[in-house]
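A quick write-up on the structure given underneath.
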Amino acid sequence: MSDPGAPPILSTRAFSLWYGSHQALFQVTLDIAARQVTAIIGPSGCGKSTLIRAFNRLNDLIPGVRTSGEVLFRGEEIYGRGVDPVDVRRHIGMVFQKPNPFPKSVFENVAFGLRINGFRGNLAERVERALQQAALWDEVKDDLHRKTGYDLSGGQQQRLCIARALAVAPEVLLMDEPCSALDPIASAKIEDLIRELARSVTVVIVTHNMQQAARVSNWTAFMLLGELVEFGPTREVFTRPTDGRTEAYITGRFG
Amino acid sequence: MSGRRTRGWAFACLAGAALGVSLVVLIILIAITALQAGPITSMRAVAGAGISLSLRSMDVPGTRDAVAFVTVAQVEAGSPAAGLGMSRGDALLTVGDTPVNRPSQAWDAVGAAPGGREVTLPVVWMPRPEITLGTLRAASVEGAPRVVLSAPSESAQAGGLRAGDVLLTAGGIPIAGTRQAWEALVVAARTQGTPIELALEREGEPVLVRWDPTARAELPFVRDPLRAWWTFLTTLNEPRYPERAGLLPAFVGSVYVVLVMAAVAFPLGVAGAVYLEEYAPSNFLTRTIEILVANLAGTPSAVVGIIGLEVFARALGAGRSILAGGLTLSVLILPMMIVATREALRAVPRTLREAALAVGATRWETVRHHVLPYALPGILTGTILSFSRALGEAAPLLLLGAFLFVTYVPQGLGDSFTVVPLQIFEWATRPQDGFATVAAAAIVILVALLLLLNAVAIVLRTRFQRRWSG
Amino acid sequence: MDVTPHAVVRVSCGRSRREGLATAGLTTTGLLAVVVTLAIIALFIEGSVPFFREVQLGDFVEGTRWAPLHEPASYGILPLVGATVVTTGIALAVAMPLGLLSAVFLSTYAPSSVRRILKPALELLAGVPTVVYGFFALRFVTPLLQGFIPALGFWNGLSAGLVMGVMIVPYVASLSEDVLYAVPRSLWEGSYALGATRFETVVRVVVPAALSGLGAAFILAMTRAVGETMIVALAAGRTPTWPPDPTQPLLTLTTAIVNIATGDHEATAFIWSAVFAIGLLLFLTTLVLNTVSYLVIRRFRERYA
């Protein structure tokens, strides 16, 4: 499935993270392959959201957060001195649990990232392409400026958030349980979209839903209590887990 | 079980009653104040007829008593009163059929007279001393004071007085001095009516003259509440006469001071709140700032006034100017602005910030493009509430030494000024008739303005809550 | 992607400068609060130095005669402190029970439709300027009370204190309601689940749990009353008396300041240093009270966060 020779786009090396005195991640080491979908699964509170938010330094905003170990993006340490988290987030986009469009028009939602990054090309064209990539264009093209992000349905809002993230052409797209607030039909649409996106972008998705992980991902990481228990090709993790705890989880004995 | 129920019920009633009582007392307060402002219509009607009244008194000779009467302190040129020949210094005796002892009785008489918006009432007055009597001379015979009519006026001659007459009593009131002679005529005319029985000594012989020196005429009054309130709001203040009191200087002063305050406190308050909420690291300094802001918010306004006086008026040399007043009020309001703005910022969902950051916005871009616009209704609500608080604040400006008597409209930031609450304070402390009415009228205008501002703020807040919570 | 990521990052130099500028500017504003407060304290200490050089601290603290304009002048603060204690005490005796009960009613009993009307109404009334309350005390409450207490002076501490209490009710109610609201729903529900009535829940569970927060509300109400100026300036009179009698004119700390500041004194006159001495006393009192209540409320919030 993946090319073993290609260097990983994103990797962690013995990465630990504390909220104050509480340690949330323990020595996590994993490599994320470029242009593939990697799913992170595990029960609530296992640190999967913390890990994904560590990839674009969104945890920086929480007071009292400390880290050790490394997170490498294209071989570069993103927690290194002199690295601007703003730059990191430009290259590593994110979609959140609950759709969080800005209270602005659909167009402005997508254009915002381009504007602040000083994009000087054809704004309309880029917005259109991002919306097309997010499979939303046909539904909103007539109301780009009239409808606000809040006027869309939940599934549309989430696809708008995906379009917003894609507009600045990130290399990695982090998705933190993107379907948890959506109905099954909207979820299915997003899943299709994720598979589509993986052709041009690296996707890391955190999910509660093991079936979803199995459906969309090439790689699966299983986490428990802040530790990375198992990581491998999705089919192997789901069919021949090497760790008893993984097996217990995917067979539904806890979680 | 039923005992528990009853106790709970009784408590609920008690708690509800406590709230009810508080609300009712506060509403009564405002209602009574509004009622006190009622006579302003008739006060303005009297002023509109052209006369301003003032209270005088006559010392009764041989006693320590004084009898009050009312004189015309001012007659406006070209007014109906001037047309009837009234002039400054005349004594007003009756309005309609009501004897007038105090200015308020004249206003009440006009107010109570039956009829519509316009009424014409008979007015009786005693022209000023030189018209009624002419020139008097104080003499003394064997130590006893005597008042001699040296040059009688036309009116006195028509009444049968001659040059050289010695005035003894008027209506039984002893005449003891040249000033008091006319006052005795006024009091006699008012208490006993006319003609007055005047006891004289002419060439050594006692003579009794019956004389009516008063003038009477029909004076038109216009009782128009709308016009009364409007002129009250839009005329300069005449500090001596409540019926000519005007709120304009204080109103303009308030507007100027609040504008200066807004220009200083709004940007600083929003910036301070953004810093504390979005930027400040969680450390000792931040905690100290928070405690200091909370403290500054609780500092008595009188203490803020001392700060204003010492720092702005004296050290920075702004004097007792609008600039110093606005700066003083911004010290008072800044902490309130910061607290209110922080609350609005805290209501912005974290997901909105994360969404902006995740597409690579810097912290400032996130704040500028998303957090501030989202929090704006909340910030504006807090701003309006803080500003309305500042608009009603008198103590700091009182200490700053804002002038209590300002009879002109301030033109610029360097001018001295007064504000509406201070003007209310000044009027409320004056014992003369009518100033309580004027103070109450100013209160009605101020409270109406503040309630309007507060209502706008509350509507803004509820609409904003509804909009974002959906 | 036809636009390489680096092409987009190129302009970030100006952006980071703007970011730095914003941070610096905002930090300055934050520090301004510190500077202002420190400046105030310094100002008061500096202003009152000449006063305490002239007046013995013992005479100031224990003196029972306040006569700064007499010859010889006397600067005993006790009449002013006594007057402030009397008016504040009366005000709190009115405001605390009424405010607290109103808060309990709003948070426990009032149906949400009633609450939606009454809360803004209380807030509106809290916005009425204090000079209006002063006018009310002077022109309405004093004449009314004179019907019951014939010896009551035209100026007196009683009606000023009562009206001040009424003025603070909305403030106490709003603060206490916030505190009661911050008590977690689980505590209320836990009590209801045991079969407690609403009254029992409020009195036995919620109020004890909120006690520290309510204490802080009490302290804040106290600072409001201590610092109130216009009501006492209008209705309580300007006569320093010892011992303070609520039916007679009183001179509170705040009106003493007003008295001197509105008098016609040279800016260099010694009497101004008395303003600073009283101001310092007031400021330190409210500083201590405010800080205590701030810390108490914060601990209270943290406990139930």
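Letters A, B and C mark the chains in the order given here, with residues in each chain numbered from 1 onward.
In the analysis below, contacts are C-beta pairs under 8 Å (C-beta built on N, C-alpha and C of every residue); 3 or more make two chains touch, one makes a residue touch a chain.
This is a predicted model, so every value here is computed, not measured.
The greater number of contacting C-beta pairs, out of the two interfaces A-B and B-C, is seen for B-C.
Farthest from subunit C, judged by the mean position of CA atoms in each chain, is A.
Taking the mean of each chain's C-alpha atoms as its centre, the chain lying closest to the overall protein C-alpha centroid is C. Between subunit A and subunit C, the centres computed from C-alpha atoms are 51 Å apart. Separation between the centroids of subunit A and subunit B, computed from CA atoms only, is 66 Å. For this pair, subunit B with subunit C, the centres built from the Cα atoms lie 27 Å apart. Touching of two or more other chains is recorded for residues 15-16, 19 of subunit C. Annotation for subunit B: residues touching 2 or more other chains are 362, 365.
Residue positions of subunit A with contacts to 2 or more other chains are 86-87, 90-91, 116-117, 168. Of all residues in subunit C, those touching subunit B in their complex are 15-16, 18-19, 22-23, 25-27, 29-34, 36-37, 39-40, 43-44, 47, 97-99, 101-102, 104-106, 108-110, 118, 120-125, 127-136, 138-140, 166, 169-170, 173, 197-200, 202-203, 220, 223-224, 226-230, 233-234, 254, 257-258, 261-262, 267, 275-276, 279, 282-283, 286-287, 289-291, 294-295. Those residues of subunit C lying in contact with subunit A across their complex are 1, 3, 5, 8-12, 15-16, 19.
The part of subunit B that touches subunit A in the complex is made up of residues 281-282, 349, 351-362, 365, 369-370, 373-374, 468. Listed in rising order, the residues of subunit A touching subunit C in the complex are 84, 86-87, 90-91, 116-119, 121, 126, 168-169, 171, 200. Listing the residues of subunit A that touch subunit B in their complex gives 56, 58, 61, 63-64, 86-87, 89-91, 93-96, 98, 100-103, 112-113, 116-117, 161, 164-165, 167-168, 174.
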